[in-house]
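The two complexes that follow have subunit A in common; it is paired with subunit B in the first and with subunit C in the second.
Up next, the complex of A and B:
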């Protein structure tokens, strides 16, 4: 097969559109990291679990697709709060490995519960109705309708998160807690409440990302969890830990990069290059594209 | 009887894997790369005995050294960053190794039989033990000799200065650095030692199961590796040993009647231990309690 420049650009376009899911997951990791300087490894797992629950509830009650997209994020948010309670709330922060390890435990707990409940077989996820049939041609390049939908929804969600952080009272409190927890407590802010809301917000974003990923792929399966976790983390690191703008841009670029290597090297080898990209960044630019110069761990 | 020997073998690999994570955890770094080194050891020594028809001991040795060299090379970029970033980097490393073995196809005919790693099909025909007439108890004996040597070495490490240096970095990196310890190089050496132990474990694993494939070397196994020292506690090497026996022996093997629920229990166990015993079960108080108990007994005997 000869790969023409049209193919290359087309695959990069597809990848960037799909990369908005990585960007959403990356923003979720970043939100939680920004709030507590900790990683929530169970984040992508709870996102997929949220999507599963949304799908399950609307299947049982035979509700339509739009409700799934509402329920998924909601349940994702609730699972986020649960993860906060069991993995972060009561583990003292001086045990810096404690929360990390507990959240890895939660990752496998959620993963195994899903596998156990669904017997490990993937479920069909409803496609996006009219969006999945739409296909736009611009010159020689095509844009898949469902992926454009994914991109638009993600951008809207991320914009509202940024507005919430910088324009509302909650956002002010969240930023205060992340900057100086003791001073925030003196101002009458309850840091646990604020952190729980941050986990809820991140969980909502994650649930949305889970639904979008499942809708774009057409099936939902526990096999989505680990790739989403790792790629979300890579988007977070490449964008610069703690930078929301960075996570968004890095997520989109990561999608494009991944899709390019899918075209050039095939599906079996694609992820090798994506992970090597992470190593390149860690060696040459450990603070990522937009990270401030930080020396914390 | 075969069944119990089988469990003993599994415990052996997991103890070594746990030790390889333990030595790096002493410096306060959590690495999920251990499973990558385990895979390198497994494939390297398997290739040596199958494709090049080496004896088992040099093959295990080279496998362990190869994993150690890889750990050394990964250590350079990875340990300049620390903490959370290291966790992400080591997950990526383990996945890279897994995917490389997923794509590795290197087969040729030996004695009229085509052997070697076969991509997604895995690497079968690692039959050194069966071909050379080893009994199962001899294999168990070999594995547990290695475990005993590693245990003694790690216990001895705590009696000499090197162990104190590792623990100093683990408890306060800044203080360790200002007392003249080159933190990064110590961490890289710890990483390389962990790599050697994990590679050895991988070589033993490959030969006693006769079959390896990329599905074994997942992040789940890496999580098992770090969970042993964390659940057992970093105060003593015996904590890791006890945790392996508890998790693999009791939780995974002993509760077989629970079926799938055992893997759910593993995640729940980690969460519980981290919440209630963040320093592990064999923590300072536990060690103090035991040593006081022993002293008391001595006095009574006198």
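Up next, the complex of A and C:
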């Protein structure tokens, strides 16, 4: 089939819209990295677990399924605190590898718990009401209503996070702990409380991302965990570790590139090019698009 | 008094002659399939129906052993996932650690292709120490798998025959349908293999044209040009969640008929996107495995009108009964799981025809007898009618019907039996 410029632009539009989910996950990774200079590999798994729990609680209590979209982020936040306590709180801060490995363990543990409880079977997830089948045509280009909704919610959530970080006392404390923990302690800030709050906040964001991703697909499945972990990490690295702005832009661009590679090279080669992109950034621009300077040996 | 005792003796003797003694022996069989992962419903359905079939056999007195006594049947069902290593491990465990006479399974064609390879290729080949226990597959349907080993048999539909007849029927009844386009999930052996080696070739054989001009090497012969079929199509992966690009390619093709060859999870994801983009064609043809309750549960609106050939539909009394029993056991009867019922009945028939003692000391000899008995079968009774056995290949030729998604149900639209 001949690929026209309309196809190329349309696939990029589709990808960017879907990339808003990667951006949300990327922002979560970044928040935690910014706070502790550590990667929480269990982040995407916690996000999907939050969405699962939200769905489960709604079903058990016979609540309106739309309540899932509030319960999911809340439980995601609580799981975030749990991951912090298990994988980060009691591991000495200089032991970066220790907490990294612990969070990888948590990733597999959460994945296994989900698979065990659901037998790995996909579950229907409430769709986004009128947005789920909406499709807007602008000239020759089409826009998925549900993904526009996801993009708007993502942008609102990310704006809220930025405002919290730069306009509230919590944000001031979080930035202080991130920049110089000892000085923050001397100023009376409890770094553990601040870090736990950051994990909760990131977890809420992740739970929301998990719910939105599942709603966009119409089902929730453990199969979502690994791709979201990988794509979220790639968005974080390409955007620059610790940069929220970078994670947002990189997440959207990553979605666009992924979709473009799919169009041009097909599904079997799609991920090769996405990983190549990550490789190129790591080699030629290791600090990402907006990250702080990383010195090379 | 004496007369009374004599009459009791006669009564007892008559009873013992009329009712065969119940043996202490239990005939064990093993089942395995995907009870975890995205294809979990397949394993759940198979197990539900195997359990129902075993219960039915036992309710009717069990299975007759070589000495004329009756024995109960029992089954142990294992989770082999849709994972080749797991499937091989389960096959080895069942063959070496249990006294199961025969196995039923697995679910996935990829698992079957890999695990059939650990069975002895040819019987009596002393140089081959592969597993020597018969396996009668209910679900894994990719074309030609049973001939990997002489110990492996299948009671699965013959897809080349079914799709050949389907496209012949479409060509005759829907002459306005001229062009085709399609896609598959390339990381699933059954979906991709059947699509690229069987379905597209069958369509071309019956005069349908690939929408962008003929695919090089595809002349209607099975397998011919399959790589080009895949590269000419718009495909996805089992774990994919975004189908925008693929759905747009389908829509842009403008073909009269779309072929969607994937399992329910991605069939629904893809069709939802196609529906959203208002790209539905004049006709949709699906993969046999999608004619399930799972698809209806996931996307009944979007799948409306899809036509699929299937070897099971609740259109006979026996099939209706099995569908009801499956539901009562927490499963659903479809072309895969319903075969599990037939398999249990075939196993009972073979046990009774070859003469089995059920003594664990004779396990290996009796596994061999079962294998030989299966190979010797020329026909079996299926839920939709008589099933012919392709004896040298270990395969089956099953009766089938064409079903169409209509208002949330799979309705039979053509019955060529």
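Throughout what follows, the second predicted complex is superposed on the first by the 293 of 297 C-alpha atoms of A that agree within 3 Å, B and C clash if a C-alpha of one lies under 4 Å from a C-alpha of the other, contacts with A are read in each partner's own complex, and residues count from 1 in each chain.
By definition in this document, contacts are C-beta pairs under 8 Å (C-beta built on N, C-alpha and C of every residue); 3 or more make two chains touch, one makes a residue touch a chain.
Only a predicted model underlies this, so the values are computations on that prediction, with no experimental measurement involved.
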In the superposed model on subunit A, is it clash or fit for subunit B and subunit C?
fit
Tell me which of subunit B and subunit C touches more residues of subunit A.
B
Identify the partner contact of A:177: answer first if only subunit B is touched, second if only subunit C is, both if each is, neither if none is.
neither
So in the superposed three-chain picture, is A:268 touching just subunit B, just subunit C, both, or none of them (first/second/both/neither)?
both
Figure out whether A:135 sits in contact with subunit B (first) or subunit C (second), or with both, or with neither.
second
Classify the contacts of A:230 with the two partner chains as first (subunit B alone), second (subunit C alone), both, or neither.
first
Of the partners subunit B and subunit C, which touch A:16 in the superposed model: first, second, both, neither?
neither
So in the superposed three-chain picture, is A:75 touching just subunit B, just subunit C, both, or none of them (first/second/both/neither)?
neither
After lining up the shared chain so the two structures overlap, which partner does A:106 touch, if you call subunit B first and subunit C second: first, second, both or neither?
first
Nearest CA pair across subunit B and subunit C in the overlay: distance in Å?
5
Touching subunit B in one complex and subunit C in the other: list those residues of subunit A.
115, 226, 268
Listed in rising order, subunit B residues that touch subunit A in their complex are 25, 28, 30, 77-78, 80-85, 87-89, 91-93, 95-96, 99-100, 102-103, 120, 218-220, 223, 226-227, 230, 260-261, 263-264, 266-271, 274-275, 278-279
For the complex, give me every residue of subunit C touching subunit A.
35-38, 40-41, 81, 186, 212, 231, 234-242, 244-246, 248-249, 252-253, 265, 268-269, 272, 275-278, 297-299
Seen from subunit A, its contact residues with subunit B in the complex are 33, 38-39, 41, 86-87, 90-92, 95-102, 104-113, 115-116, 226, 230, 233-234, 237, 241, 268-269, 271-272, 275-276, 278-279, 282-283, 286, 296-297
In the complex, the residues of subunit A that touch subunit C are 1, 7, 10-11, 14-15, 18, 115, 119-122, 124, 133, 135, 142, 144, 213, 216-219, 221, 223-224, 226-227, 259, 262-263, 266-268
